[in-house]
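Paired with subunit B in one complex and with subunit C in the other, subunit A is shared by the two complexes that follow.
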Partner chain A sequence: MSTEERRIVVLRSSDEEIFEVDIDVASESQTIKHSIEDDDSGRVIPVPNVDGHTLAKVIEYCKKHVETPKSDDRDAQDALRAWDTEYMKIDQNTLFELILAANYLNIKGLLDLTCQTVADMIKGKSPEEIRAMFNIKNDFTPQEEEDIRKENQWAFE
Partner chain B sequence: MEAETCPQALTPSQSNWDSLSVDLAELILSLLPIRSIVRAAAVCKLWRSLTSSRSFSVRVSATKKPWFFLYGQNNIFLKNNQAFAFDPEANEWLCLPTSLFPSSSQEQSFIGSGGFFITTTPCINARFAFAPILTHSWRETSPLTYSRCNPLVGVFVDALGMHRFIVVGGVRFIGGLVDIEDRLAVEIYDPRLDSWEVCPPLPPAFRTGNSSHSLSSALFRGNFYVFGIYSCFVSAFDLNRRCWSEVKMIRPPGVVVSSFLITCRDQLVMVGLCDNAHGGPSVMLWWVDERTMEFSEIAPMPQDLLYRLFDTEEDDRFASLKCVGLGNLIYVFNEEHHKCYPACVCEINFESGKCSWRMVPPLPLPVNSFHKVITFCSTISMHDILQSEDL
Partner chain C sequence: MKRSCLNEGVLGLLNKDIVIDVLSRLPVKTLIRLSCVSKGLRRLVSDPDFILVYMKRMEPISGLFFQERFRLCDDDIERHSYVQFGVQGAKVHQMLLDFLPEKVVLLATSNGLLCCRSCMPSPIPSIYICNPVNKDWIRVNWDAPNKKDSIAFAFDPASPRDMKTSLYFELVQVHHHVGRCETDDAYFSFHIYSSPSRAWVKSTEICRCEYKLCKNRATFAGGCLYWMTESDQVLMFDVKNELSCLISLPLPATEDNVPEKCIGESSGKLHCVTISQDGVVVWVLEEHYESRWVLTWSITLETLEEENNRYLYNLAERVEKQSIDVFFPWMKPLAFEDGLLVLLVSLDVYLYHIHDKKLEKLCSLAELGRHSMMGPTVLLHSLSLVPVSQP
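Up next is the complex of A and B:
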């Protein structure tokens, strides 16, 4: 296998979309990295848990973070953070899928970023607001809810 | 940063967030500031069980910054007592309801340390009561051997993993007058026997100032350090060997008016108010080597922040400067009422040795006038806060 050929990896999403990705970019995913190490015959690597739309978004993240040289420079760090913030301007469903993908593909930076984004959505909100936002059913009885509030009054004021 | 500007907050969810794995849900919830975690625990039973598990509590304790507590005592009108807590992560103050504290009396000393609120009442039976911070679970121990006002109290974990209280110094009143002759013994509580072990008292060097008014304490590496705020004497009580070290003095050059000893993770830090001849008062931070008591400068507090805490440059104004800290945070504040107890916080970056200072937001009004302001830093146990026998 020539060096030229080894630089590209082919990924196939759950909905059969094909992505040709630089090996360094793909290796941001520990899962894919181990896949390549185990079998580098150049076949297509299936990514069954992730659809094309999400996988494209994942690749966008990996590409940017591989291309950006690691630097102690404050401005460079700020610029990357700003890029991450823009990148995170996605709808809730994409965010949800991205968390699952980052977890399955084992991409720490992306998992941290997406989870922090969700945490930021939850911060400062009341339980009712949180339930509404995430479509979560309230399975407490009114009495249980009242007890919970009384237990830690300071948190609900 | 603000949740309101997150686009995700605006679109209704079609995703099945309920189906998120326990690990992922735990990861997300652990990133929240403590108050938000408590609110999240009220969202649904799953989230409550996730956040009240011991493993979650341990995980969160490792990452959450200790809180800064301010307890204001009014000696005439007890109902004017107030308690506040500052979460440096959320950068917000919380008003703590008075129901969290036992009904107070004039003689009661209140303090907090190591995850506990503690009250000592010197009256006849030397009461000592404690509760994990922010819980209603107050318990009273058997009485202290020697009753006292305003002792120093520390909390340490012994070799068997049990929380132990250590009570040092304090002042005894006999016939309405302060008893300066008797050096009060150190007492260490054994929760298994519900008894207090009597140990050697503070060394005589501390005789003139042995209450929490003039002493600063720091629990560090198996020792309970006691440091004279005005005297600069320091001695360490070895928690294993139950004895005091030789009394030393830590007095850096430059006239130091008052200084405080603080445990910052794995370093001892001294914060001192210096009176420089032409420069006016300044606050300096030093690393202290716990074995040699040698000190080295870290950085001064920015002068403009210091002057924001105090009205004028008159020397006696700065006498109300106090300092507490824990982890990588140090709080410098003014315990005078007229500016509503303003405070600054310094965050130390241990890798770079750099300090970044900022003003703490003002206390939420109304803030009463207090005869005494008690402040301390402490971590909080998520597990204790979310424990409930009812649910």
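Up next is the complex of A and C:
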């Protein structure tokens, strides 16, 4: 089998869902790329840490970014960024699953995008808002909390 | 891959590297807020792995430290204040350095860290390096304590630092030797302290100059330290090569035009701000040994007043008259750094953004102390989370 014919890669998610993906799209993931290089017999590549729902979303990102030609054109860059913003309109759980997937699959662009999205969610929020958003337990005693606030008020009021 | 390091709700799903990536994208003020959210997050914000990533950033200036100084006598004044930029309401905060073991005199700031010395008299006069955000501090042995000397402080957070070793910084103490008789020339000597060696070394370099330093504060720009002297000159000391020279200021005083001046660093170069009847002029030093300054920005008093008539009134007329009363100029620059100019106009302190041409009223001098009119120490400061003592 010559390399020109082998354009499709088969991925299997943790919940046994099968995805047939173009090899260039799959290679956006450095992890999968190395898997293919190590063993190009054409077997199914398991992706044990990522479920079907998340893997579909990852593939969507990779497809778009592979299909979009790299260009210095301002409008093209803006259009891609706008697509990324729409793409990121997802629930919190999917967002976090996506970060973990991007990290495991080693897809730099997706990891950057997801981490930046989380950072943007945190910016400008008060401690209470951050706790509510991420369901974080406040383990300071009221006195400790009061002391910390007073100490740092001059820096972030 | 460690799945969860924090017991922090949803964030607990992420491993440490990812959380650090997210945190590294946040401004310091947000990070400080985060450290108030939970104990786990508080720990993470001061985690050595995070600090390593964080140290490579440059934070914008967000406030200034202010300390009164007597102009004519040598006594130290303990009181100091911090003025916050860009906030509504209460901007002035008092005595933020109370966590230090004794009362201090502010000397310099560098990339978020503050250098100060014991108020004299003190049982063991020392120099302190501290970070007011995390209240971390260290004491530096001061071999030759002398409150008349100027101490400069240079800290570069981007310089390679192994987290296991302590902070890397340099101090330079400048002493003005006055000739004992008429034939002896007066000169400046330099003592250098570098933190790895923990020792003060006297430089063989000296700089002949009759005049002493007028504002004891040094400016660090492009590897060199600069101080204003009581004449129209700036003392320069190249720390690495241990070379010094005197640089003439761009606008010498004439009989009827005595400009108010200050120096500061912006874009890695020394700048000088002069305020006179000609307006506010910013110069950049292009060549040390030729004292070559290039005018880089200016605004006339009339235009400044027009654009800010809410605060400024009759500016040109009043500045013209200020040559008569040298002790109480109507308008003078207090500090300059990174395109931010701290101005004193009448009895109020303002912040002027050179590039945006925005004037912000900070506070009145009264809020900063009775003696704030005389040469106060004004240090522009950026927030930082860098630890000072060994982790």
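We take it that the second predicted complex is superposed on the first by the 150 of 157 C-alpha atoms of A that agree within 3 Å, B and C clash if a C-alpha of one lies under 4 Å from a C-alpha of the other, contacts with A are read in each partner's own complex, and residues count from 1 in each chain.
FYI, contacts are C-beta pairs under 8 Å (C-beta built on N, C-alpha and C of every residue); 3 or more make two chains touch, one makes a residue touch a chain.
It should be emphasised that the depicted structure is a prediction, and the values quoted were computed from it without experimental measurement.
**Student:** Please tell me, clash or fit, for subunit B and subunit C sharing subunit A in the overlay.
**Tutor:** In the arrangement built by aligning on subunit A, the partners subunit C and subunit B clash.
**Student:** Please indicate which partner A:C115 is in contact with in the superposed arrangement: first for subunit B, second for subunit C, both, or neither.
**Tutor:** Touch partners of A:C115: subunit B and subunit C.
**Student:** Counting only touches as set out at the top, which of subunit B and subunit C does A:N138 meet: first, second, both, neither?
**Tutor:** A:N138 contacts both subunit B and subunit C.
**Student:** Touch test for A:G124: subunit B only (first), subunit C only (second), both, or neither?
**Tutor:** It touches subunit B and subunit C both.
**Student:** Return first, second, both or neither, reflecting whether A:I99 touches subunit B, subunit C, both chains, or no partner chain.
**Tutor:** Both: A:I99 reaches subunit B and subunit C.
**Student:** Applying the document's definition of touch, where does A:I23 land relative to subunit B and subunit C: first, second, both, or neither?
**Tutor:** After superposing on A, A:I23 lies clear of both subunit B and subunit C.
**Student:** Is A:V10 in contact with subunit B, with subunit C, with both, or with neither (first, second, both, neither)?
**Tutor:** neither
**Student:** Go through the superposed model and pick first if A:V66 touches only subunit B, second if only subunit C, both, or neither.
**Tutor:** neither
**Student:** If you stack the two complexes on chain A, which partner ends up touching A:K89: first (subunit B), second (subunit C), both, or neither?
**Tutor:** Touch status of A:K89: first partner only.
**Student:** Quick one: name whichever of subunit B and subunit C touches more residues of subunit A.
**Tutor:** B
**Student:** Thinking of the overlay built on chain A, is A:D147 touched by subunit B (first), by subunit C (second), by both, or by neither?
**Tutor:** A:D147 contacts subunit B only, not subunit C.
**Student:** Output the subunit A positions appearing in both contact lists, the one against subunit B and the one against subunit C.
**Tutor:** Dual-contact residues (subunit A): 92-93, 96, 99-100, 103, 111, 115-116, 118-119, 122-127, 130-131, 134-140, 145, 148-149, 151-157.
**Student:** Which residues of subunit B touch subunit A in the complex?
**Tutor:** My answer: residues 1, 3, 6-9, 11-18, 20-21, 23-24, 27-29, 31-33, 35-36, 38-45, 48, 85, 90, 94-97, 99-100, 134, 136, 385-386, 388, 390-391.
**Student:** Tell me, which parts of subunit A touch subunit C in their complex?
**Tutor:** Subunit A residues touching subunit C: 92-93, 96, 99-100, 103-104, 111, 115-116, 118-119, 122-127, 130-131, 134-140, 145, 148-149, 151-157.
**Student:** Could you pull out which subunit A residues touch subunit B in their complex?
**Tutor:** Residues 89-93, 95-97, 99-100, 103, 111, 115-127, 130-131, 133-140, 144-145, 147-149, 151-157.
**Student:** Enumerate the contact residues on subunit C facing subunit A in the complex.
**Tutor:** Per the touch definition, subunit C meets subunit A at residues 1, 7-11, 13-15, 17-18, 21-23, 25-30, 32-42, 63, 82, 84, 87, 89-90, 93, 96, 133, 135, 383.
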